[in-house]
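Two complexes follow with subunit A in common, the first pairing it with subunit B and the second with subunit C.
What follows is the complex of A and B.
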């Protein structure tokens, strides 16, 4: 499922490559707490291990994020999904799609993989109930043909979790 | 003879409810399948062209690198100054403002087409 849901896999532009090399070096020097990136020779897809923060509902749990970069990163946001099984959270669908504004409408090129990771961990940490979004089944059914979450028209209505 | 019309009316009601439910589902699916409208709007080109540029001066700058490409600014390199005072490489901020009318650092809003 994950490979077909990747955005159209055009190679990274030179600008995108340079920027990602910078981010990779910065990550190696100063990785965000709770995250591990297994460096491969594929700069365009990062797979990152997330450890739930202690004292939260997701403590001692490990999940995997898949980050796919578009040709014109950082002018466009990367596609970020959890590789199923995704954590049970009111804004995370069982297919791994994440309802988080900075990944879509509120993206800014000043954001980085590291800052995205911190936002996602903060979203997990503030959760008070391990449950799926109310429309999980309908949404996941509509994504069966491998639709990217970037093609979804998201409605951001909850700033608490 | 009196039973028949009742059956017909029940059938009509069932058929009507079924049609309405199918319409709701079709509506939902067509909504989900729609192309995403561009929610982000470019800054008005006249305002982008009017942005001030200056030569990078390390002594008098808070920023050491451009927050779009993350490359360090070179001494005396041309940079664009946003109205909010954030500086970027001319090309970096130019490409972004062609898509979105906000400062990458603080979301200061530039005018769009009127």
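What follows is the complex of A and C.
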């Protein structure tokens, strides 16, 4: 649902292209532990496989992240969602949207795809209960027209999980 | 007043046929190589790639009576080539000659790059392509300053030693005794070690990091060549975070774009105030200095 309905995206700027190529090279040399970039020749959309860390609620589970880059990356955050089925987590909605401040208000160009991945894995790893956010149904219903999580006005929950 | 301005313009700006001539010659070289072009066509610069894909900026000053008189050229190279120029020569000929010249300099640069990557170079920290000297750490607070001849880079370099005089004296003696061991076909660093009868200390990691001059936002050294970037096309990082424990380098264009894209940035006249994306320390960037 979310993957096909992204608004018609503009091609990456030269700056965005250069930067993503560097990030991809760096990723290939030094990938974050527990992640695998699924090779495509689309620089603007990365699909990344996440393996739940051992000893956590998500051990031995594999999920897929979809990362879409805006024309003016890294001035704007990439759009990062789980491709459903998304892991059951108090900050992850069943449509794959993730409530994580660095993906929205707290993004900075000092961050990278790799650092985002590490934040997401640490968010999964610190979870103590496999459950959806309390407002899951309402939120997902509101997003039915294919709204990007970047258009949501996020109210960030506690940072314990 | 208006009249006066007009007259002045006429004096300053060359004829339309001159514009046509220069533009057609730029076309021959390729507009994609053009970095700068002065409004009155007295100055232009091209980005030229050498055989190793290193880019060089060739600056060309056109005299008023161009092309009867040869333009003057400059670039970040240890020495510039003599231009072969006739009244029928064109900008493309300059580019060709400069490319040939770059070819001749490849050996010089590969020796210097080799020195930079293997030895503890103290000075210059971020060498320009023209710099033909290197100050190299020898340990015990001693260093050697090598002046490498760009025309014959493999030959015995001129050298000077710096450090405590007792140690420097013994280094000088060793050099005097051994300089005949210098062989033009021996790898450069090996030559140095042979003549100095010592293995040269390797650089520390800290020094390596100081070569990093990529922009912390776009991750490249040179901005792309782009009409929108105007005079900033192809420029290097020109802003460094003032926080000494951060000291990240940025293109002011990139930092400005970032500050413009977030709501917490404050603006006073033409200066934007915000935070370094890395250390959150205060940064201030002049708006749109596109000229």
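We take it that the second predicted complex is superposed on the first by the 157 of 161 C-alpha atoms of A that agree within 3 Å, B and C clash if a C-alpha of one lies under 4 Å from a C-alpha of the other, contacts with A are read in each partner's own complex, and residues count from 1 in each chain.
In this section, a residue touches a chain if its C-beta (ideal position, glycine included) is under 8 Å from a C-beta of that chain, and two chains touch if they have at least 3 such contacts.
Since we're looking at a predicted model, the values are computed, not measured.
When both complexes are overlaid on subunit A, subunit B and subunit C end up clashing with each other. With both structures placed on the common chain, the touch criterion links A:15 to subunit B and to subunit C. By the document's definition of touching, of the two partners only subunit B reaches A:151; subunit C does not.
Contacts of A:138 after superposition on the shared chain: subunit B is touched, whereas subunit C is not. Legend: residue contacts after superposition of the two complexes on their common chain; A:109 is shown touching both subunit B and subunit C.
Contacts of A:38 after superposition on the shared chain: neither subunit B nor subunit C is touched. Of the two partners subunit B and subunit C, more subunit A residues are in touch with B. In the superposition on chain A, A:74 contacts both subunit B and subunit C. Shared interface residues of subunit A (contacting subunit B in one complex, subunit C in the other): 15, 18-19, 22-23, 74-75, 108-110. The touching residues of subunit B, when paired with subunit A in their complex, are 28-29, 31-34, 36-37, 39-40, 67-71, 92, 95-96, 99, 102, 104-105, 107.
The part of subunit A that touches subunit C in the complex is made up of residues 14-15, 18-19, 22-23, 72, 74-76, 108-110. The part of subunit C that touches subunit A in the complex is made up of residues 216-220, 223-224, 226, 254, 257-258, 261, 277-278. Those residues of subunit A that touch subunit B in the shared complex are 15, 18-19, 22-23, 26, 74-75, 105, 108-110, 112, 138-139, 142, 150-153.
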